[in-house]
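Heads up, there are several structures right after this.
Shared between the two complexes below is chain A, which pairs with chain B and chain C, respectively.
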Partner chain A sequence: MLDAAFFRRWLAAAAAAVDREADRLTELDSPIGDADHGSNLRRGFTAVVATLESTLENTLEKEPPDTPGAVLSLAGRQLISTVGGASGPLYGTLLRRTGRALGDAPRVARGDLADALRAGADAVAQLGGAAPGDKTMLDALVPAVDALPSSFAAAAEAAVQGALATVPLQARKGRASYLGERSIGHQDPGAASSALLFETLAETAETERAERAERTEAAEGAEGTEGVAGRGGHE
Partner chain B sequence: MEMLINVAETVVADALRGMAAAHPELIVDVENRVIVRADAPVAGKVGLVSGGGSGHEPLHGGFVGPGMLSAACPGEVFTSPVPDQMVRAAAAVDSGAGVLFVVKNYTGDVLNFDMAADLAEDEGIQVAKVLVNDDVAVTDSLYTAGRRGTGATLFVEKLAGAAAEAGMPLERVESIARRVNENSRSFGVALSACSTPAKGSPTFDLPAGELELGVGIHGEPGRERRAMMTSREIADFAVDAVLDDLNPRDPVLVLVNGMGGTPLLELYGFNAEVQRVLGERGVAVARTLVGNYVTSLDMAGASVTLCRVDEELLGLWDAPVRTPGLRWGM
Partner chain C sequence: MSDRKPLVGIVLVSHSGPVADSVAALAGGLAGGLAGGLAGGLAGGLAGGLAGGATAPVSAAGGTRDGGLGTSSELITAAARRVDRGAGVALLVDLGSAVLTVKALIADGGELPDGARLVDAPFVEGAVAAVVTASAGADIAAVEKAAQEAYGYRKV
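For the complex of A and B:
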């Protein structure tokens, strides 16, 4: 099960990945956009992390969110207030709607997250008026959501493949659409950043799994009541 | 590309601080990124709010003042502002007569202004929106994000601004803004790409001796690339592209707009050719404006915008305006 701490950890990992890959995202956005996708998302995710850590002065909520839904909703609102452009409302809506769909459950299963992300992806499609195949973030998002019930790793792989599959497509939405056929041959920057989200989701899940295994091992090594307490003490 | 900046991250904030120092008649909120005319809200007057990515100066902040915009929201370079800015601007200028959002048709601007309109209405502000989409270079609207908002934005902001200043009610100001947009068309060319502060180098590769036809105002490549043409040939191409779509019976306002990196000397020469073509096509010119108004950072190039006007619209164009970027009659 995934708790609020898991989602905070995922978003921090996503922020680190966006920061690391910002130049590449901006580079992808140059030939078919306006060369700012990396810097815009970096600004947004940096603010998300700051808000979640409640270090930002004008945080939207003072109390730290304590459910997965609340973490994602808060992150989404922060993106909308910080990023601008199309990616602010689109990524913001993705997280908000996913958060809303998760409700106020303190822990959610991977299947719950898949359902919620589907609601989020639907909201993105509606807001942007786009469908898979239009060379947008949906081309990574939708296959990833489809694969998530299998495993986190499968979702990450599907997102990466989906992003790569945007290369031969002609853009029909957003600024790249103005290029017509000249948008063919370039990877969509929004699909590339969506793939980063799912890659970091899989990494976060793997890290937690490894930590759990380590604790279990340590607990079994202790061979006693302490071991049981150790396992139960998972944050 | 060398730039007169400190660091890319503070370009917009630095410019706003400089604007505040140069224009005490405006309230420039650097932190919240809103530029408001100092006497807002004006009793009984409709508020006119626009905004968009930075990099198009003097659009939009340079068009704030009596006779034009009530407030503007500058985003990051080429990035739509966020809803919080627009709501703040709307609240600052609303006298109770409502607010009109002037929105250029780009996915980001549309999404953020839509969210802002919802939020402002929640706060009890009556909001109307008009979308500017005058760029004829976008031909296949079915398979794109639709025609872009470019030079006609200046006409919409000037004429709707004059209507608001005259005390017209919101629905009337909105209908005038819509009418101006529907009667305006633009076509732009680029002789060079522009360099955003974040990237620091040209956003696309345009070899010497070539030009891009049908560009927007965000450093994106255009519809087609050709070997360099003369001012005369570009005027023929651009004006005909506009006239193919507009078919004016009434006289027109002409905007010969520089993209930021083309000297006025060249723009006036280009205007001479634009006027020649219009004369040859039998189009009557009511007024002409030449200069860098809706720019794309340091891009070299120009656009032509025509707006069909009747007596009422021409009167609104001639009405006094006092902004950093456009000023006459007061």
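For the complex of A and C:
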């Protein structure tokens, strides 16, 4: 089960990945966009992390978001207000709608998150008037959401493959669509950043799994030597 | 109590601060100064009763907060609050993130005044039609219709 701390951790990992990959995202945005995707998303995710951290430090002024839904909604709101480009309302809507779909549950299962992200992806599609195949973030998002019920790793892989599969597509939405056939041969920057989101989701889940396993081992180790034999049982 | 009902407010959202400011000045100027002439022609008969009346509140929300090209949801919500007189607020947008940001703000609710709506119209011509129509005391539905109809004014 995934709690609010897991989602904070995911968003921090996503922010770090966006920061690391900002130049690549902007490079992808140069031939078919206005060369600001990396810097815009970096500004947005930096603000998301700062806001989430400030809610932890500043508990007297406002309650820190203590459910997955509240964490995602706050992050989405922050993206809408700080990104300054089209990716702000698009990613902001994705996170807010996903957060809203998760409701007030203090902990959610991977399947709940898949359902909620589908609602978020539907809202993105509606907002932009786009569908899979239009060479947008949906080309990474939708396959990832489809694969998420299987595993986090499958979702990350589907997102990466979906982003790569935008290369031969002709853009039908956004600024790139003005280029017509000249948009063919370039990876969509929004699909590339969506893949980062799912890669960091899988990394966060793997980190938590490893930590849990370590804690279990430590607890078993404290109980005696029986735990040592049990270690081989972990996949 | 005033015998004037509140006027619809107009917000102009562009990627560029100077574009939004200039279109606001243009629309306000035409609505205030040329109501019976050029602007009246654009907005049809609705501007007829305008002479001597107040100009509808217009606010520009262009560019990012640091003056760059882009869209700021804070500038948009602040502009909408500035022009909200209780009769609704019509938001006109240029393209890309301006469209998406206003749509996202409206879809999620709570940040724009009640009765705020995104009006599907050409930015400059729609702004003039909307401001002239709103200045004539029309309700938000009529303001929206006048702005939308600006798509139909062919130039050749």
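We adopt the following convention: the second predicted complex is superposed on the first by the 216 of 235 C-alpha atoms of A that agree within 3 Å, B and C clash if a C-alpha of one lies under 4 Å from a C-alpha of the other, contacts with A are read in each partner's own complex, and residues count from 1 in each chain.
Rule of thumb we're sticking to: a residue touches a chain if its C-beta (ideal position, glycine included) is under 8 Å from a C-beta of that chain, and two chains touch if they have at least 3 such contacts.
Predicted, not measured: the structure shown is a model, and the values here were computed from it.
Student: Put chain B and chain C onto chain A via the superposition and say whether they clash or fit.
Tutor: In the arrangement built by aligning on chain A, the partners chain C and chain B clash.
Student: Thinking of the overlay built on chain A, is A:Pro31 touched by chain B (first), by chain C (second), by both, or by neither?
Tutor: In the superposition, A:Pro31 contacts chain B only.
Student: Name the contact category of A:Gly133: first (chain B only), second (chain C only), both, or neither.
Tutor: In the superposition, A:Gly133 contacts neither chain B nor chain C.
Student: In this superposed model, does chain C or chain B come into contact with more residues of chain A?
Tutor: Greater contact footprint in residues on chain A: B.
Student: Which partner does A:Gly174 reach: the first (chain B), the second (chain C), both, or neither?
Tutor: In the superposition, A:Gly174 touches chain B and chain C alike.
Student: Is A:Ala123 touching the first partner chain B, the second partner chain C, both, or neither of them?
Tutor: Only chain C; A:Ala123 stays clear of chain B.
Student: With both complexes superposed on chain A, which partner does A:Pro64 reach: first (chain B), second (chain C), both or neither?
Tutor: Touch partners of A:Pro64: none, neither chain B nor chain C.
Student: Taking the two structures together, which residues of chain A meet both chain B and chain C?
Tutor: 36, 40, 80-81, 84-86, 88-90, 127-128, 174-175
Student: Going by the contact rule at the top, pick out the chain B residues touching chain A in the complex.
Tutor: Those residues of chain B that touch chain A are 8, 53, 75-84, 106-108, 111-112, 115, 137-138, 140, 143-145, 148, 196, 198-199, 203-204, 216, 218-221, 223.
Student: Would you tell me which residues of chain C are touching chain A in their complex?
Tutor: Interface residues on the chain C side: 64, 68, 70-74, 96-97, 100-101, 103-105, 107-108.
Student: Which stretch or stretches of chain A touch chain B in the complex?
Tutor: Touch list, chain A to chain B: 26, 30-36, 39-40, 43, 80-90, 127-128, 170-175, 177-180, 182.
Student: In the complex, go through chain A and note every residue touching chain C.
Tutor: It comes out as residues 36, 40, 80-81, 84-86, 88-90, 92-93, 96, 123, 127-128, 174-175.
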